[in-house]
Amino acid sequence: MNDVVALTRKDFETDQTVRWCPGCGDYAVLAQIQKLLPTLGVPRENFAFISGIGCSSRFPYYMETYGMHSIHGRAPAIASGLKLARPELSVWVVTGDGDALAIGGNHFIHAMRRNVDLKIILLNNRIYGLTKGQYSPTSEQGKKTKTTPLGSIDRPFSPVALALGAGASFVARTVDSDLAHMSAVLGRAALHKGTAFVEILQNCVVFNDGAYAAITDKKRRDDTRLLLEHGKPLVYGKGRDKGIRLRGMEPVAVSLGEGAATEADLVVHDEHGAHSGLAFFLSQFDTPDLPVPLGVFRAVTAPTYEALNTQMAADARAAKGRGELDRLFNSGDTWTIAES
Amino acid sequence: MNDVVALTRKDFETDQTVRWCPGCGDYAVLAQIQKLLPTLGVPRENFAFISGIGCSSRFPYYMETYGMHSIHGRAPAIASGLKLARPELSVWVVTGDGDALAIGGNHFIHAMRRNVDLKIILLNNRIYGLTKGQYSPTSEQGKKTKTTPLGSIDRPFSPVALALGAGASFVARTVDSDLAHMSAVLGRAALHKGTAFVEILQNCVVFNDGAYAAITDKKRRDDTRLLLEHGKPLVYGKGRDKGIRLRGMEPVAVSLGEGAATEADLVVHDEHGAHSGLAFFLSQFDTPDLPVPLGVFRAVTAPTYEALNTQMAADARAAKGRGELDRLFNSGDTWTIAES
Amino acid sequence: MQEVQRPVEELESVVIRFAGDSGDGMQLTGTEFSRSIAKAGHDFATHPDYPSEIRAPTGTLFGVSGYQIQFASRQVFTSGDAPDVLVAMNPAALKVNLPDLKHGGTLIANSGAFTEGNLAKAGYRSNPLEDGSLGDYRLYPVDISGLTAFVLKDSGLSALEIGRCKNYYALGLMLSLYGRPLEKEEEDIQAKFARKPAIAAGNVLALRAGYAYADATEMFITSYRVRAADIEPGTYRSLTGNHAAALGFVAAAELSGVPLFLGSYPITPATDILHELSALKHFNVTTFQAEDEIAGICSAIGAAYGGALGMTTTSGPGMALKTEALGLAVMLELPLVITNVQRGGPSTGLPTKIEQSDLLQAVYGRNGECPIPVIAAHSPADCFDCAIEAFRLAVKYMTPVIFLSDGGIGNAAEPWRIPDPATLPRLEVHFRTDPENFQAYARDAHLARPWVRPGTPGLEHRIGGLEKDFLSGNISHDPENHQRMVEVRAAKVAGIARDIPPLQIEGPDRGDLLIVGWGGTHGSIVQAREKAAALGLQVAHVHLRHLNPLPSDLGAILGRYRKVLVPELNLGQLSRLLRERYLLEVEQLNKVQGKPFKVSEIFEAIVALCQGEPA
Amino acid sequence: MQEVQRPVEELESVVIRFAGDSGDGMQLTGTEFSRSIAKAGHDFATHPDYPSEIRAPTGTLFGVSGYQIQFASRQVFTSGDAPDVLVAMNPAALKVNLPDLKHGGTLIANSGAFTEGNLAKAGYRSNPLEDGSLGDYRLYPVDISGLTAFVLKDSGLSALEIGRCKNYYALGLMLSLYGRPLEKEEEDIQAKFARKPAIAAGNVLALRAGYAYADATEMFITSYRVRAADIEPGTYRSLTGNHAAALGFVAAAELSGVPLFLGSYPITPATDILHELSALKHFNVTTFQAEDEIAGICSAIGAAYGGALGMTTTSGPGMALKTEALGLAVMLELPLVITNVQRGGPSTGLPTKIEQSDLLQAVYGRNGECPIPVIAAHSPADCFDCAIEAFRLAVKYMTPVIFLSDGGIGNAAEPWRIPDPATLPRLEVHFRTDPENFQAYARDAHLARPWVRPGTPGLEHRIGGLEKDFLSGNISHDPENHQRMVEVRAAKVAGIARDIPPLQIEGPDRGDLLIVGWGGTHGSIVQAREKAAALGLQVAHVHLRHLNPLPSDLGAILGRYRKVLVPELNLGQLSRLLRERYLLEVEQLNKVQGKPFKVSEIFEAIVALCQGEPA
C-alpha cells in the first residue's frame, strides 16, 4: 500500500474539484508540489498539509495527503504542534500574504525563530484574493484597491527580509510562471532540515493581474531578475552583462565588459554565511534600480526545534528513568495516617 | 498652565508609588525619560504613554502625562489608532520583550512597516518578569527558567534585526546602566519623525540578574561593546585598538596598529544608507566573537503614516469638497415618489 | 423606443430570480433590474446568493450565483419565497434553482448554454429543455448566448467580452416583459462603462436586442405589470444594509461633530462597510485596515481614547478575536461601536450564508462580569438607524456597544427613504476640559464617566485594564471597591432600559400568540403575521432592536398572550435570554440552514400554535 | 530537644495567619508550618494571599503578603474565616490584617520591625504595640528581627541574609506554641539550602532560637494542642490545585497510553500547571511555551490532530484570546482540554484574586452554535480528578472540554490522599486504522467521529473550519446538511448528561432549602450547611462538577426543595443557567470581592432563607 517508489503525481490528486479562478497562479504551484512529493521517498500517509484561510489556503483540499484547512493566520502554530507531537511526519504549511503576514505575522516570525522543521510556502499575490481584493502587507504603496480607493499609504513588507530578520535558517523566492525554477527551489526546501520558507510570487488574475509583469515578461525579465547561485558572482542581464558590486555596504548595479567592471569586482553569493547579512542585503533589491533576486537566499544547518525537544526528553529519561505515576504521586513530602 | 519652557522633571512624576523591585533597571529608564521630556518643547498634556502588560508596562502610571496601561502586547495597535486620530500628540509605547515580541510580535512588526510616528521603547530583560520568571523570545538558548527546567531550546530574536527586517526607519539600542548613552539615544528617538524603536538592555535583578554583565561590567565592557557613531569606522576596545572589517560580506574583528589593520580597512558606520543592509549586518554581532553594538543602527527619513493619511484626506476634500450628508444621501441613483 | 401593445396581466407582486455562472454577472443584472423596477414606484426586496469561491469553474453547480428580487404594489418585506420567474443562464443554474420555482412558474432558459459539456457538468443526462421534463413550467428557451454573439459579431469585441454582454440581453428581456423603459438603463450603461466605450456600446446593443426580441417574438403571450405600490412619498434610493450602516456611521460623526475612526480587518460579509467608508475620506472619516481583528479594535480603542468615534466591523471568527479587547473597552469605559455582520458558524462555518447565532456571544462572551449593550438591525435600511443608535448609546453611556447585523441584511437591498439630515437626532458629546476637582471615574446621572481628550491641560491621567478606584480610576485592589465597580458597570448598562422607546406591537395588544423576533427575520415574520391575521388569528408581533438590556416593557407585554413564538436563525438564543429573564416557556422556531425563513415556515408555525386551521 | 511541660489547651480547630512583607518569606513560613502540622495527622486548608507586584517596596501596605492555614481534629474545608492567631512581621502587616483577627485572638508582633519609618509607611501615628490600642487581643510583642540578628551575629551572614532568616524564627515560635517537634523541620532546612550551608545553618539557628524563646519565656501562658483529625487512613501529601491538575493530566496520559502535549502561554494564576508539567519530560509529556495564547491552543490542536492528548492552560484575558480557536476545535471534533484557572475580571481585572466569573463565557462565549462541555473543580485535590475527567470526556466524545478552576483552588493547598494508580479509571482510546469504508465524520454510539493519526496508510483526509458533509467531512454548503451538523454537534454534547454520575446530596433529600454550588465555593458551603443542619435546619447541598451539560437528575432534585440558594463569586452566572434551563426562581448569593466566601456569609443566608434564627 505505501510502496513509496511507486508513488506518482496522480496519487496526490484528490476527488475535490479545484476551485481557483481559471488562470490563477495557484494551479502551477499545486502541480509542482504534486510532482515533487513522489520524488521525496516519503510514504504518502506521512505528509500533512496545514493551511489557514485564503484562496491559497484551499490548497490542502487538493492534496491526497493528511491535511487541515484551519483558521486565518494560525497554520504555523498548528503545524508546529503537529510536528512536535509527530516528528516523523513531513509537515507543510501553505499560506498567503495576508494569512502569513497580516493576521498570521506573529506565528510566522516565531516559526522562523524556532526552526521547527516545517516547509512554509507563501503564495504572494500582493492582495487579499478570497475576500475579493483588498490590499495586503505586501501590496506596493499607492495601490488602489477596494479599501484604498485613493491609494494605499502602507509600506510593504519584504517577506524574505522579515523571515531573515526573524532568524530563518532557509529562505528562498521563486515565481509561479517559471516552473523549472519553482520545482528546483521547492526541492531544496523539501530537503532542508528546519523551517524552510519559500516565497512564491503568484499572479492573481482577478484582483491583481500583472503584479509581477516586470520580472515575468519574457522580454524584460533577464534584466529585471537576478538568479541566485551559491558561490557565483551576482551576474544578470540578457547577455549576462550586468552585475552587482558594493559601494561601502550599498549595492550598485554595474555593467560588465571592457572598460567596465569585471566579474571579479562583483559580490559573490553565499547561502551558508555565518551571519545572514548577505542574504538580507539581497532581500533589499527591487526594481527599477536593482534586479529582483530569485532562488535560495540563505540555507544554513541548525538543529531543529523538534530534534532538540526529543533529545531533551531522552536526556530527562536517561537521568531520572522513565516516569512512573506511583513514584511521581509519592514524591515530595508525604505522611501516612494509619488505621485507628 | 502649559508654559512649556517651565517644565521640569518633577512635572512628570505622579503620586503613585513606583512598584518595581528595588534595584530594577526600569527605574533608570523612568528617570531618563522624565528628564528628557521637559527638554522637548512639547506641552505636558500632549504626551501620551501607552503600554501593554508586564513590569515594564507599569511605566505609564509613573508618568504625569496621559497614559494607558492596556492589554498584553497590543500597545502598538492602540497607540497607532491614537496617533492617527490625534497626529499632534507625542505618543510613546513602553513595552517588554514578552509584551512586544511574544504576544505583541505582530503589532510590533506592522508598526515598523507603517512608520507611524511612535516612540517604541522596549525594556529587554530577556525574561517574563511580572509572571515571575519564564523565558522570553529574547532569552538565550539553554536558559533554565521555571518553564524550562532543562534549559530552553528556543533560539532568541534579535529585536534590532526583527525591526530592520520589518522595515523600521529608526532603530537603536542602549543599556540601562549607561545613563549618558541612554539619554542620548532616547533624545535621538524623540526627534525622529516616524516609528522610532529603541531596545534598552534592562537588568531584572530578581529573575535574570546579570544578563548583561558581559557588556556592563566596567572591566570588560570596552572590549565587548561597540559604540556606533555615524560616519565613523567601527572601532572599539580599551585602547580603541580593535575594529571590524569585511571578509566577503562577513564581519571580522581585527586589532589595529602597526603591522595590523588600520582604521582605513574598517567598515564605516552609516545610519542613513539607502538600504538597511549595514544596519542588519551590525544587528548580527554578539559576544563572544564580536562586540555588541550600542547606539543608532539606522535612522532614515520617510513620510510618516499619519502624515500620508492626513494628506490623503486633504486631497479628497480638495477634490470632492468637504463632505455633506445631504449630498451623500442623495448621491447615486435616486427616485421620487410623489404625493398621490 | 415606444411602449409595446400586448395583453397585460396585472399582478400584486412578482418574485424573479436571475441565476447563472458567477462569471455571468447575475448580481449586476439583478441590481440593474431592481433599480429600474424601483423607479416605477414599486417597493422591493432583494436577496443575492453567491458562492464563497471567487470564480468557481464555469458551468459547475457550486459556481452558480443567484439574485432574487420581489417587487409589489404593496410594501415588500422579503425577497419572497418561491420565484414566479426564473432566468437560468446555464444548465447548472437550472439544476440548482428549479426546485424553488413556483409550480407553473415562468422559466426563461439560455438554450445556447445547454451544450453537451455544460449539461454534463450539471449532471444532466439529457437536455431538459428538450426532454419534456419541464412540462410543468411556462418554458421559454432563448439562445441568449447565440443572439448576443450575433448582434455583436461586428462590434470588434472579443468572444470573452461578448460573452460578458449576455447578461444585458437577459436584462433587456425582463425589462420588456415588465414594460419598463430602456432609456434610463442605457444611460446607466454609458455611465458605468464610460472608460470602455466599446464595451458600453456592446452592452447597449445586447440590451436593446433582448428587449426587441421579447417584444417582437410571440414568445411572451402576455406581458406583466405590477401596479405601483403606495409607498410613503419622498426621495428614495436602493441601499444594502452594509451601505446603509456606513451612511449611518458617517451621519453619527456629522451629527456629533466628532471624527469617525474605523479600524477593521476585511472579512465576509462585513467588508463592504469598510469599503464604503474608505471612499468617504472627504468627510471627517479615517479608515485603517489593520493587520488583524485585534489591531482593528485596538486601534479604534486608541482613537476613542483620543476623542474620536471609534468603531470596528467584523463577522464570526473576527468577532471571536476581539473578545479580549472588548473587555478592555468595558474597563476603560470609552465609547466604541463593534459591528458584527453575522454569518454561518461556528468557526469559519458558512461565510456567505445567513445566520443569527452570535447573540449569546454578544451578551455573555467575555471573561469576568463584562456587560455590553447589544442592538440588532431588522432590515437593510434599518442599519442606518441602528448605526446612529449605537453611537448614541456609546457616547451617552461611555461604553462599547455591539451592533448585530447579518449577511442577509448586509448584502440585500431595499428602497431607503432619504432623510433630511436636519431631522436626524443630534448626538450630544461633551469633552471634559475643567481641571477643577476632576476625577476620571466620577459618574453622571447615567453613570457615565467623563470623556477627556489627551491634550487637555491639567487633566492628565492614566487608565487601564486592572480594576480601578471608583472615583480616581487609579489601580485599586480593595475588595469592596471591586464589588462596587462590578456592580456599577452592570447598573450602567442595565440603566439603558430606561432609554429605550416603548415597543411597537403589530396586531392585537393581547391574545393567543405573540411573536418575538429580532434582526433579519423581521420581513418574514411581518408577512406571515399579516397572512395569519387576515385569517382572523389573534397573533401579534414585537421585534426587538435592543437585546441587552431588554426593553423594560417587554415583560408586561409577554404576559398578555397565551403563547409566545420566537423564530430565530439559530438553535434558540433569544429564547434562552427570554426564559432566563422572564421564567417563561416560549415556543421556538429555529432554522440553521444559512437561509432566511420562508414566510410559509413562520405562517405554518403560527397556525399550528393557534390550534386552528386557516378558516 | 525534649517536649515542653506547660498547661495545654485542647482545641478542635485553629486558624493562623502569617503576615509580613512580600520579602519576609511568609508564604514559605506558612507552607512549612502546614507540612509540620499535616504530619501530626491534622486535616488542613490554606489560603495564600500575595500582592500582584513582584516585590513591592518593603514596609508598604500594598506590599503585605499573607498566608492563612486552618487545621483541625475534624475535616477542614476552608482556610477559615477570622484567624485565631495572627503573626504580624511589621506594622503594615498588622494594619492590613488586624481587622480580620478574631476578637480576643492571639497576636504575635515582631516588635523589632515597629520602627518610626515602618510605622509611618503603615500610616500609624503612634506605636500600636505600646499605645494600648490592642487591648482586646492577647498581644505578644517579640523582637523577632533583633533576636534573630543577635543569635546570628557571628554566623558570618550579611545583614540582608540574616534578615531573611527571621521567618524561621517566627516558625520556631509557632511550632513550639503548637508542640510540634523541630527535628523534621531542621532536616528540611538542610535539604532546601543544601547548596548554601551557611544560610542553612543560620536558618536552623533562628528556628531553634524561636522555639527555645517560646519555651523558655513565660510569654505563652498556655500552649495549644489540636487533637489529630480522624482522616481516612492512607498516605497523604500536600498539594495545590494547580499541582494536582498537573498530576491529573500526566495520569491521563499514562492511563490512556497517549502522549500529553501542553501548548501554553504564561498567565497568573494558571502558570504553575505549565511549570509543573515542564519538569515532567521524563514522562510522555511535551510542553511548549508558545508566543501567545492563540498559538498555545493552536499548537495543542495540531498535536491533537497528530494523535496526542492536546491541552492548553490559561486564565481570564488568555481565555478570551482562545475563543476563535475553540470554534475550530469544535468543528474539527478533536479531543482537547482547555483549563481556565479563573481570576478577577473583567479584562486584566485582579490577576491574583479569586473569582468565578467565566462560567457564561465557557458555556456561550463563541460565534455560531458552538457547544463545548464544561466541568469545574471544587477543591485543590479535586483538580486531580477533574483533569482526568476532562480528558475522559474529550477522547470519548471527540470534543474540546473546558475545565474551570480558580486562583483560590489553584494556589491553595490541602492534603491529597495519594491514589494507587491501578485504581484510577482507564481512558479508552482507539485510533482508527482500517481504511475499509472510512468516513472522517461517521459517528459512533456517542456521536463521536473516529480519531485518525496522520501516518496511517489509506486514511488520508482533509478537515477544516468550514461546514462539512455529515459523513465524509468534505466542505458542504448544503442547507439541510448544515442544519444536521449543527444539531448533531449540539446533541453530542447534550448526550454527555447520560454519562454523569448521579448527584450526591448532602443533607435531607427534600426540605426547605437546597444550596446549589459549583467550583471553589464548596468548602464554605459545606461548613455553613453543617452549621445550619446542626441547628436543625432542613438544608441540603449539591455541588455541580458538570456545568455543561447540566446533570440529568438536577431538575428533579431542584423540585424537592422549597427554595434554592445559589452562592457564587460572580453576579449570578450559574443562577442564569438554572433559571433558563428549569424556569425556576433561585435565591442568589453573590460576592465579587476577589475573596472566597466566609462560612458565616453563607450561613447567614441559609438562616435568613429558612426564616428562622438559629435555635
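A, B, C and D label the chains in the order they appear, each numbered from 1.
Methods note: contacts are C-beta pairs under 8 Å (C-beta built on N, C-alpha and C of every residue); 3 or more make two chains touch, one makes a residue touch a chain.
What you see is a predicted model, and the numbers here were worked out from it, not measured in a lab.
Q: Could you find the chain whose CA centre sits the greatest distance from that of chain A?
A: Farthest by centroid: D.
Q: Does A-D or B-D have the larger number of C-beta pairs in contact?
A: Most contacts of the two pairs: A-D.
Q: So what's the Cα centroid distance for chain B and chain C, whole Å?
A: 44
Q: Using mean CA coordinates as chain centres, what's the chain C-chain D distance in Å?
A: 47
Q: Once you find the CA centre of chain B and the CA centre of chain D, what distance in Å lies between them?
A: Centres of chain B and chain D (C-alpha means) sit 40 Å apart.
Q: In chain A, which residues are in touch with two or more of the other chains?
A: 53, 71, 103, 105-106, 110, 137, 150, 154, 309, 312, 316
Q: Tell me, which residues of chain D touch at least two other chains?
A: In chain D, the residues touching two or more other chains are 62, 281, 291-292, 317, 324, 327-328, 347-348, 464-466.
Q: Quick check of your reading of the touch definition: is the inter-chain graph here a line, ring, star, complete or other?
A: Drawn as a graph, the chains make a fully connected set, so complete.
Q: Quick check: in the complex, which residue numbers of chain D touch chain A?
A: Touch residues, chain D against chain A: 35, 38-39, 41, 188, 230-238, 247, 250-251, 254, 259, 261, 263, 280-286, 288, 290-292, 294-295, 298-303, 305-308, 310, 324-325, 327-328, 332, 418-421, 453-466, 474-475.
Q: What residues on chain B touch chain D, complex-wise?
A: The touching residues are 17-22, 53, 55, 71-73, 102-103, 105, 128-132, 134-135, 137, 146-150, 154, 206.
Q: Write out the stretch or stretches of chain A touching chain B in their complex.
A: Chain A residues touching chain B: 103-106, 109-110, 113-115, 137, 150-151, 153-158, 161-167, 248-251, 267-268, 270, 273-278, 280-281, 284, 302, 305, 308-309, 312, 315-316.
Q: Flag every residue of chain A that touches chain D in the complex, lowest number first.
A: Listed in rising order, the residues of chain A that touch chain D are 1-2, 14, 16, 43-46, 48, 50, 53, 60-61, 63-71, 74, 77-86, 88-89, 106-107, 110, 309, 312-313, 316-317, 319-323, 325-326, 328-330, 332-340.
Q: Would you tell me which residues of chain D are touching chain B in their complex?
A: Those residues of chain D that touch chain B are 53-58, 60, 62, 265-268, 271, 274-275, 278-279, 281, 287, 289, 291-293, 317, 347-348.
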